[in-house]
Amino acid sequence: MSDCKIRGVVPPVVVPDTPDHELDVPSFERLINYMIDAGVDGLFFLGSSGEVVFSTDERRDQVVREAVRIVDHRVPVLVGIIDTETERVIEQGKRALALGADALVATAPFYALGGPVEVEEHFRCLHEALDAPIFAYDIPVCVHTKLGWKMLAKLGAEGVLAGVKDSSGDDISFRYLCQENEKLGHPLQLLTGHEIVVDGAYLSGADGSVPGLANVEPKGYVRMWKAAEAGDWATVKAEQDKLNELSHIFDVTTGLTGYAGGVGAFKTALWLMGIFDSNTMPRPVKAMEGENVEAIRKVLQDCGLL
Amino acid sequence: MSDCKIRGVVPPVVVPDTPDHELDVPSFERLINYMIDAGVDGLFFLGSSGEVVFSTDERRDQVVREAVRIVDHRVPVLVGIIDTETERVIEQGKRALALGADALVATAPFYALGGPVEVEEHFRCLHEALDAPIFAYDIPVCVHTKLGWKMLAKLGAEGVLAGVKDSSGDDISFRYLCQENEKLGHPLQLLTGHEIVVDGAYLSGADGSVPGLANVEPKGYVRMWKAAEAGDWATVKAEQDKLNELSHIFDVTTGLTGYAGGVGAFKTALWLMGIFDSNTMPRPVKAMEGENVEAIRKVLQDCGLL
Amino acid sequence: MSDCKIRGVVPPVVVPDTPDHELDVPSFERLINYMIDAGVDGLFFLGSSGEVVFSTDERRDQVVREAVRIVDHRVPVLVGIIDTETERVIEQGKRALALGADALVATAPFYALGGPVEVEEHFRCLHEALDAPIFAYDIPVCVHTKLGWKMLAKLGAEGVLAGVKDSSGDDISFRYLCQENEKLGHPLQLLTGHEIVVDGAYLSGADGSVPGLANVEPKGYVRMWKAAEAGDWATVKAEQDKLNELSHIFDVTTGLTGYAGGVGAFKTALWLMGIFDSNTMPRPVKAMEGENVEAIRKVLQDCGLL
Amino acid sequence: MSDCKIRGVVPPVVVPDTPDHELDVPSFERLINYMIDAGVDGLFFLGSSGEVVFSTDERRDQVVREAVRIVDHRVPVLVGIIDTETERVIEQGKRALALGADALVATAPFYALGGPVEVEEHFRCLHEALDAPIFAYDIPVCVHTKLGWKMLAKLGAEGVLAGVKDSSGDDISFRYLCQENEKLGHPLQLLTGHEIVVDGAYLSGADGSVPGLANVEPKGYVRMWKAAEAGDWATVKAEQDKLNELSHIFDVTTGLTGYAGGVGAFKTALWLMGIFDSNTMPRPVKAMEGENVEAIRKVLQDCGLL
């Protein structure tokens, strides 16, 4: 698997909880099959929207174990090994590989204060310790460090990194990274996490996307990717426009911030669509209720998903 | 121990590493005894400067186990249970209590985006799950959330929190918290982490301090606390002034940011003073070398510590 | 005046507007006399709470002209020359001096992005162009640049700056500045804008304060300063405690942020106390109404000011 | 002019200074003609890179007067009326209109703290007071407020705003704004300031761009716009790729931040190309020298501009 290049649509998989906060395996299986049947090119487990930081190590292992079993080699399995600093991340990586992950996704260190020197050393340590393709996960909104495109390109050229999952919101940096990666012979697979402007990222040269919204509507993202591969930019844009209407599940609710409003919207939509058995959130986050659920139902109806 | 109020000087203990990144137990024992002999009132292990986020769970357990053994009930042992979200923090807390911690110190959740609703629910969940005094650790520079004084006071009055360790850098908020806590009958023990302006925090009404610099010079902080207890504010200020001269170990080095410059200065000073056998830092941070070491040596000499 | 050192209580004067947004001169005169009669040591016009950035140049001139006339040399008149970059600030300074200002108060440049090199050059240009004592106004919440204490001390020692008005919220930096200033022979007059923790700043060595709340209750701040001069720290703290109860005019209102809630509270209090004829705010800010006014009335009553 | 829709390439014009900081009119004339000859669709004076916040009111008037004279109705003249709060911005607008501006560009209020209520009221006040098309200038890096797309669309539909110049770096928000504007009948002209990813903004539906880099290479941006109008996205991307190579004038220098490195690069390039007579910067910013100039010369040579 480490030889094959990961590209195309690789959704970050949302994780269903039972009302008493156990992993809801039947719902998980339905969601995974829903996306694979729609034609996605890979699946990313234990990402930021995959409850990674809410899950104990035991739960993380359970998620990976079930994921590997359900996916059953139909698509590559990427696993987030999100933890604070190097030694802890390496441990997460070793466990994920032992359970069958095909590739690993790691952020910059967080919590302790550092700088670019520590970030670069961190990825080098991960590469030395973990025998698998490593994607750098650029998500400053969570880790409060932006990964510089020059460093990423250098680590790609040296074989330290296999790719980048860009959720930085910095399309300028991503554009520079695409151009530099091209000059270096394309060592990195560059995936955008910008589900709302995947079209622009494809035009910039992205090798694929990691759109959370593909949990709800994977077919649209698959069509968009195929259109991009064919150079049919009018269709790319039109598909993005349609998906963005669906994305209003993020802003029709009230009183919720961050994870509660974002992943909460995914879970509520999947619950209303019958893929999940509940919209339970991990502690300390509360599940959506009442008018917020109805607001999401209306968006799904308007988009033809109910 | 849960009945006794923690107050006075409670340094956050710096953790020594051997050159191959193992816990250096003899150095650890020297440092703990150095501070207890100087008269500190408690010790806080696995705080931000105690390598907590750099340590695997196994290493965290080792640190707590050795700390409890070495301290041997001479002073209360507080343990940081720093992790990303509720379930993971509860797990850290259970392990720390099983190993003999007297009190636990927990931050707001971090990495995932949330708001005050989630923060309050988080501390309530910790209190339900963990049978020990819990201190809220207010450290927005690391977790990017400021704990509101109204929420803290309310959780104190309800018995959810036993105290606050304030490293927020917001002396206004701390002052309001002190006054509100007093009105409520002083349910919270309020400790400041502001090692440079402990005097102002004492004047505001703090019950004690958690100064990292007390690893290097505990006697000064002990004298300051005794002067504060006696209402001798001229001495309080004079002791702070002297300690602040020592604190220039933070700004005489070059090319280092964050943890490398801060905890790195502590480790280098303790190494130069013969308390630590090396100034090794946890990966991915590099130890201080060359001119930076000499700059710290000079500060220690100027302050009479060498 | 440039020989005399400005120290003690120097309130930033709130500016009253008539309902049709003209300067309300009678209210202005009442407020100025109220504070001078209470014993303040100076007055700071056109500060952040003095509508400086809301005022056209013509209005600024009117404020300074009336201020100089009403104060009539009873106390020093400091004038804020707040504008974006060097040439504009110099112009503001020349006009203020022509109208009779005793000292000028200038921030770091803002809007355009720069760094410490530009900030230092900026203050040097102001000093060359303006024949008056210049106070650096450290207010990162408005200008998004923190003035470094090493730079400030250096500019003091070189005679470029006469003092600092610190509204940075960074008590550590202020403490270092106080100690460094002392070592250099005290070239700078260091005034704190932290109205809630003036006591801590006095203990740190501040030469005075610039408390907005002194518009409402100047006598308390005057008593606090006298106690600090006498080394009576118990009284200093007790006066601060009382003033902080009054400061809840900032947090009893709802639905207001920033200037609307802060300066709006001052104006509403002064209106309720009969010193201002209205609580009109400058465009685009709305005046407080209804329950917010009643909430402030209650705080004033509880504090014995109504 | 207020009937005609501004669209296409509208560069923000860089302003040349003589070595003694006067407006260098001959250089200014050369630059304006260089861009008009290249086929740009409008010119934006006194933008963030047009020294607006560095210029006294007198200088601003001189810039607008000369700009109107030189442009001589060949393209529309947009003028930035950047100032802190409403009354000051209105004054800037009145003067610009009196001197012949065709449209005005205004940011959110800055310096004083406010919120969305004040921002919306601010634009309504501007619209009432100024008889001209008003573009909202979304530049949070300078004013520290992001303009919400729902508010912008609403103000467009109500006729308060004529367009938006988006320099927010938030391509998600821009995408939502484009879609909402379309649903409302396209009341707003939406121009992107993202010179590095103009291609993505065009794909999103932008009506044009305001690229600073077009001062140096206007023809590339003109070709890109024509390709976008023709739906030839491969050419759009290819032109952007080429322009991005030129954009490395921003990152080949060392020791410069913000305005000094950004606008400094433009001025140095224009000087090397013979369009400007010097690369003088406004106080307190220093002009580029030595190796930085040579680094920019090399980029220009590599891109065939020297």
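Residue numbering begins at 1 within each chain, and the chains themselves are lettered A, B, C and D in the order written.
As a working rule, contacts are C-beta pairs under 8 Å (C-beta built on N, C-alpha and C of every residue); 3 or more make two chains touch, one makes a residue touch a chain.
What you see is a predicted model, and the numbers here were worked out from it, not measured in a lab.
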Interface composition of copies chain C and chain D: same or different, split at half: same
Euclidean distance of C-alpha centroids - chain B vs chain D, Å: 49
Chain A and chain B, separation of their C-alpha mean positions in angstrom: 35
Overlap residues in chain B, where contacts from two or more other chains coincide: none
Chain contact topology (line, ring, star, complete or other): ring
All pairs of touching chains, each written as two labels joined by a dash: A-B, A-D, B-C, C-D
Chain B - residues contacting chain A, complex: 48, 53-57, 59, 82, 84-88, 91, 109-115, 117-119, 121-122, 124-125, 141-144, 257-260, 262, 282-286
Residue ranges of chain C in contact with chain B within the complex: 169-172, 175-176, 179, 194, 196-197, 199-201, 203-204, 231, 233-234, 236-237, 240-241, 244-245
